[in-house]
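Right, I'll just put the structure down here and ask away after.
As written, the chain order gives the labels A, B, C, D, E, F, G and H, with residue 1 at the start of each chain.
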Amino acid sequence: MRIRNLFAVVMMAGIYSLLSAGLFTIMDAVDVAFTEAAVGAGISTVLFLGALALVGHHERKPGHTPLLPLIVVLVTGGALVYGTMDMPPYGDPGNPVHHHVADHYLEESPHEIGIPNIVTAVLASYRGYDTMGETTVVFTAAVAVMLLLARRPRRPEEEEDEA
Amino acid sequence: MSEHYVILLVLVPLLASPLCIFSRNARAAWGFAVLACLTSLYLVFQVWAEVMATGPITYHIGDWAPPVGIEYRVDAVNAWVLLIVAVIGSVVAPYARVSVEREVEAGRIPLFYAAFLLCFTGLLGITVTGDVFNVFVFLEVSSLSAYGLIALGQDRRALTSAFRYLIMGSVGATFIVIGIGLMYVMTGSLNMADLAQLLPQVWDTRTIKVAYGFLAVGVFLKLALFPLHLWLPNAYTFAPSAVTAFIAATATKVAVYMLLRFFFTVFGAPFSFDVMRLDMVLLPLALVAIVTMSLVAIFQVNVKRLLAYSSVAQIGYMILGISFASVTGLTAALLHLFNHALMKGALFMCMGCVMYRIGSVHIDAMAGLGKRMPLTMAAFVVAGLSLVGVPLTVGFISKWYLILGALERGWWPVAILVLITSLMALVYVWRVVEVAYFQEFPHDEDTQEAPWALLIPMWALVLANVWFGIDARTTVASAEQAAQTLMGGAP
Amino acid sequence: MTALLDGVSWLFILGGAFFTLTGALGILRLPDVFTRMHAAGMTDTVGAGLLLVGLCFQAGDVFIVFRLLLIVALLWFTSPIATHALAKAALHGEMDPDLAGLSDPSRGGEPSTS
Amino acid sequence: MREQVIVRVGAKVLVPFIILFGLYVHFHGDYSPGGGFQAGVILAAAFVLYGLVYGLDAVQRVLPPAFVQACAALGVMVFAGVGVLTMFLGGNFLGYGVLAHDPEHGQHYGIIGVEAGVVITVFGVMVSIFYLFAGRGRRSG
Amino acid sequence: MGRTIGLWILLFALWLALSGHYTPLFLAFGVGTCSVAVYVAVRMEILDRESAPFHLSWGVVTYLPWLAWEVLKSNVQVARIILSPSLPINPSMVHFKGSQKTDLGRFIYANSITLTPGTITTGIDDDDFEVHALISDAVDGSEENEMNRKVTALEGAGAGH
Amino acid sequence: MTLLSHYNYWVVILLMMVGFYTMISRGNLIKKMVGLNVFQTSVFMLYISMGKIRGGTAPILMDAHGESSETAHVLYSNPLPHVLILTAIVVGIATTAVGLALIVRIKETYGSIEEDEINQIEAEGAA
Amino acid sequence: MFAVAAGALLLAMGMAMIRALRGPTVYDRVLALNNLGTKTVLLIAVAGFLTHRPDFTDLALIYALINFIGTIAVLKYFEYGDLGAESPRTVATEDM
Amino acid sequence: MTPPALVLASLLIPALGTVFVLLLRKNPNAREAASLVTAGVLFGTVLRVYRAVMAGDRPAIVLAEPIPGIPIELEAEPLGVLFALIASFLWIVTTLYAIGYMRGHHEENQTRFYTFFAFAIASVMGVAFAGNLFTLFIFYEVLSLSTFPLVTHAGTEAAKRAGRIYLGVLFSTSIVFQLLAIIWTYAIAGTLDFTSGGILSGRAAAGVVPILLGLFVFGVGKAAVMPFHRWLPAAMVAPTPVSALLHAVAVVKAGVFSILKITVYIFGIDFLTQVGASVWLMWVAAATIILGSLVAFTKDNLKARLAYSTVSQLSYIVLGAMLANASGIIGGGMHIAMHAFGKITLFFCAGAIMVVAHKTEISQLKGLGRTMPVTFFAFFIGTLSIVGLPPAGGSWSKWFLGMGALEAGQVGLVAVLMLSSLLSLAYLMEIPLKGFFYAPDEAPHHEGVHEAPTPSLIAIVATAVACLILFVFPEPFYELMTLVVTP
């Protein structure tokens, strides 16, 4: 990310999001791909542009490269790689991750809920509470952004004391 | 209906928050907030009483049995933390009305209460759930609203500090997500109780150890454990007074709860202390945090920032208690959760009162307030002494157990260090007291005591500081039971 | 019948793939943003069209065929609008189209460099 | 962009279709990928497009900021309201089984209900945020 | 009013084609969806001859195949340019007048120009079209005029309704 | 043998670290947010790759009407990570929105979105 | 056959990616982005057939729509410097 | 009232006194009357407790239970009663004195003064009747806090600095050493109750006891064992009644009283003797005795000299406790009483001199005895008591301490006691000598100077006389102390 033009940076992030959406499709996560597409290419880009429109898109000076973040990142990455060593192999149907709870969803949801899209079934029913939390998060974001960006109610006598 | 109390205590503030948006009226929004907080408090209290009497409560959301569905599970530990959050919320909400009218623009007040309630909801939600991913979701609810609330501060630095909090908080949350993912990939479950049963089979894998590490770092970021505390001082300093009082008294407490829950319930104390040697990490960090942050606090000139640094040090005490890995140590940590919430809440509310009348919390602004605002400064003295750990205040009770825990482990240098740092607390509290009582009031004559709407909630907390310092049987029993629950493995 | 369908769809899909690749090559090779738009247009129009129509023959379900055609229609509708808007924006952004042919590839990059 | 013929006409034609697609994605979330969140984003995108092309004032005339904010709040209440309803009907929170005699139908109704909540909130939130960002810059001119 | 109903019917047809579920519930959803979409369109005041050009229906049916063929032809041409090692391009900007009377007509014409690779409409000012061409002789050839004529005819045919 | 079966995780981790590095090392606030986005998206990929089953297919039942008796023959990928990541994506965009709003306000107040410039302005203000 | 198409698409996406990375102007990047979007749409459609689940083409459809809106937003930003404006700003390019 | 209620009442009466004082703040006469009446009632109450205790009763009452197993408990036992008797009696006298002094000195904030004074007495009662170590600690800290406003009464920069030293030393020692020792004790013994024979005996390892005892002795900063004595001279900026009652009687005695009580009821004297844990502390106390006297010599300021004298004298009591035998404890306990009466007389005199003649330095006192004969004669009697010469009460306590030292086989300590007595005789006798036998430096200056205000004068005479009475009639205190050492 050495590109000085922030707009280009944002574009690159958009492309990254786009590619990851493609990857999600390939990894069978169509719903996720859908969402990532809508968010990454759509809303996220619009939001970043909206922000760039307000802050300008030129980085003023070249970023220096401090050492500490590099170390932090290397350590974090190293730890993760170390951790993956003992992870079950990619895509193996025998992995524990596919059996404990996932089995239940795949086998029982046709009887218990009866809709073909199991992701929706899990999302809205089995883990519906998470989804409520998700809705609340979105709502929270709106409240927070409103708190930050809402214009003041038009009261001329108060116009001065904002700074 | 009483079996639904555990979910209702989260739902009530959650549903009140949209109402604040709908009402578009500052007073009405405040009314909703107070009502919701009090209702929540009532429900929490009922739940707490039931847990103390009959043991853990579980609630299957959506009628799906765990681990298929999400489960609410309240045992002595989260009942205790719920009580802390609900009490503080119920005190800060009434307090907020006058304070916020002064510090926040009129048009944003309904939004303020909406965000406040969401933060409250998020904290309760983190605490009450028995599902690790659900923790993350509610963590974000509370964090996002906290960012917004902190940014409302009048000083422009509120914005940068909120942003820094956002960055560090998001890193923390993402680390937690990574940790959860690694746990999930090894076990296939997200339910805490279920994970506690499944994890011992995979203890020796590197993946689980790394998951542990990521969860640890993520939670440390959230609870501002030294040296990951950098977001905290500014955030507390520049946020509106009511927000500081609320967040300082609850947010880090809930983060400590997360730490306890993950490391004691999910992974289990044997894994944390025998395999991962968590105590060897926590102990030095806690000690360094306590000493350095107390020292830094002594040299602050902004009283809110002083208190913020003191908070980081106090978090060190909690972590210290946890690092003892004993029932006494955990009791100390859990007691200090509650007690620190009471005292920091009260102290930051005092600063709110001063802000309300004087418009500044610089230490010079306190000059002569002992006479001008006697009730406010008296509250500061009492709560400050509680912070120091003077007997008959709650601070003493937690120090007592902390030292007892240290001596039980035979770590007497730690005990001495704790006592010495209490004196440092005395120094920074006393600096303020001296200015307030021994300097002349420099302003014009008509400055008077803060309004009752601020004083009453503040004094409620101050009196609680004293009350639970004189009769700590309930709190100690509750904390002790929680500590035993944690040490006993699965809840 | 199936063999015929397969053959036709092969033809279409390969054609689509060819035009898509050529378009991508054009995006790489052509000297400035305006000329590259022409190449990009190839992907959007014929590349996508042929490919999707080719897929239609394999779908075996009228709903899917309809959807694929809908995608084609949408692409044909939006692509020129987007291209036009891009061109207009580029002109507005004081980019001069490289009208002399293969003069200087680096010239287009003045307003914002990487 | 209003004076740009091509974009203007294009947007005009597209907007109703985007709304249709959005709601289609919403209602068919049970059968194919998609659901409340995606639908909310797409619906919001329709208005964002309109706003981009016709200006913020125009889109705010169609969809007043107060209305979208109310949507954002309403959706949460709808979602939680479904849960509360199931509680009143004797189930646990979000236990849709009690919504109909046949638990499976109950699940259907419940899912439709909560998805409606999601779509309303997401739509409201996304449009509000767009308004706020787009509206912020215009004070300075 | 007719336009409103027309749009509604069009949308509903699209719904039916997309849905694949014909239970009463889903049909009801469809009705609701289309109504909402149309209502929004009305509120946005975008429901007019431009956005619901039903009057052009017949003309479009005949115009599109021709356009598709044109597009294919020019695609081959551009592909040849790109693939040839010497990259024989000769970019140019061309201005000319279109004979369309309405914005809709200009819209169709401009998009048709853009759709055919080798030419891109970069601006319209009333009837003045500004076009960027990959090869300068691609514009003033007869097909542009033919396209112009066909679009004008299409527009004119619709005007009769 | 683990080398080949884990390469995808490592690619994801590499991307994750690129995002993380951008986030914590860059002084520009917008870049920080972009870094956060990349970081989070990579975490999503990690999750999704956990849920993938080789030879599996998307967890939407083949028989579109639910009364399926042949589900046992088809291998579906694990739907749970998908659900979790859907939630996480939403959380991510929410965080981005709030972060950008903060950046906008910071720009309005300080006239800069460079961390060191802001620090400098603050230092001057304090002096 | 689908694999061939998918391979070609991936190759083409790689080329577009290079263009997006190299720029040199933002318009090149936008162009590349838009083009990548189209190719992703195609890829998703092909991938559906590749995995014998062609009923996910909805995804491609919506993707195309979102891609279009995203591009329009980008261009609006470039021409007006503001997403909510109705008329071009006068100092359009000064800080680009 | 039942005996337990009486114990509680002795706490509540001064506390109620603060309320009355506050209520009557508009009317100084009524306010002071309230103070006086409260003091009287308190003394009566303590007397009744005394009778009950002498009858063999040990009235106890639990107030609260902050930590499960560690209640806040009041219990009257002989040592506490002794302390309470002295403090409550001297409060009456001091109040009387203060009325004259405060008015004569035109002090400001008199209401605050009387309020916190009464409050301090309440905490002294708490210390005296503390039923366990925890309760003792709490009232000990409350006492520190409640006397802080009295120390800084003047509000000047010097007063503030003194206040900082005062609170700093008292809090640091009590929190770092004492609290640690208390919790440690709890960790070892599982209880903190004051029990005859001690709770640590048999439980604590022999190596731990000296350390623990050291923590207690230094932790009770109010006992002013060097090097933690700095607060005591610093506190002399307070008005003289405060110095008199609190820093000659209540506060400092609370310190040494605590040490005595801890020695007797926590460690147990037999246990200490057996382990030999206190020997090193005897020498610390001895050093403080000598050094305190020597420093007192160098002070020209009257109150400062008295303060260092107090430092020295307090260590007598500490020494008595550390001797850990019957005579030592009895001597220590009695010295609490004897030194209290003696030293308060001296402070009263010093205050009277300050109010009337505005003299604070010893070198300025020449010939003053001729204009203020009563005051200077009282000073002389006080000196006798402090030095330990008949016919004043102080001789008894010195006697027992010497006996204790001999019993403990520490002949060296006897020598220390003798030396110190000589030193104190020398530095204290200088004052009455200067007053009576030196000619005034500048005669006109003493014009208009006469005796102190009547209330003060009454108080001075009363305490001086008490010093003499205690020589012939020390039985009450002796009997109480006997009860302490022979349970």
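Observations, loosely collected:
Operating definition for what follows: a residue touches a chain if its C-beta (ideal position, glycine included) is under 8 Å from a C-beta of that chain, and two chains touch if they have at least 3 such contacts.
Just so it is clear, the structure is predicted and the values come from calculations on it, not from any experiment.
Shared contact partners of chain E and chain H: not a single chain qualifies. Set against the Cα centre of chain G, the chain with the most distant centre is H. Pairs A-F and C-D differ in how many C-beta pairs touch across them, and the larger number is found at A-F. Chain D and chain F have Cα centroids separated by 23 Å. Our note on geometry: chain F versus chain G, Cα centroid distance of 20 Å, whole angstroms. One simple way to say how far apart two chains are is to compare their mean CA positions; for chain D and chain H this gives 78 Å.
Our note on geometry: chain C versus chain H, Cα centroid distance of 98 Å, whole angstroms.
Multi-chain contact residues, meaning those touching two or more other chains, occur in chain G at positions 13, 23, 26, 30, 32, 51, 55-56, 58-59, 61-62, 65-69, 72-73, 79, 81-83, 96. Among the residues of chain D, those in touch with two or more other chains are 6-7, 10-11, 13-14, 24, 28, 31-34, 37-38, 42, 45, 48, 54, 58, 69, 72-73, 76, 80, 83, 93-94, 96, 122, 129-130, 132-137.
Taken in their complex, chain A has these residues touching chain D: 30-31, 33-35, 38-39, 42-43, 46-47, 50-51, 53-54, 111-117, 119-121, 123-125, 128-129, 131-132, 134-136, 138-139, 141-142, 145-146, 149-151. Those residues of chain B that touch chain A in the complex are listed here as 14, 17-18, 21, 61-62, 64, 67-70, 105-108, 111-112, 114-115, 118, 121-122, 125, 131, 133-134, 137-138, 140-141, 144-145, 147-149, 151-152, 178, 182, 184-190, 194, 198, 205-211, 213-214. Against chain E, the residues of chain C that register as touching in their complex are 18-19, 22-23, 25-26, 29-32, 34-35, 37-39, 41-42, 45-46, 49, 63, 66-67, 70, 76-77, 79-81, 83-84, 87-88, 91, 97-102. Residues 385, 388-392, 396-397, 399-401, 403-404, 407-408, 412, 415-416, 419-420, 422-423, 426, 430, 434, 438, 469-473, 476-477 of chain B are the ones that touch chain H when the two sit in their complex.
Per the touch definition, chain C reaches chain D in the complex via residues 77-78, 80-81, 84-85, 88.
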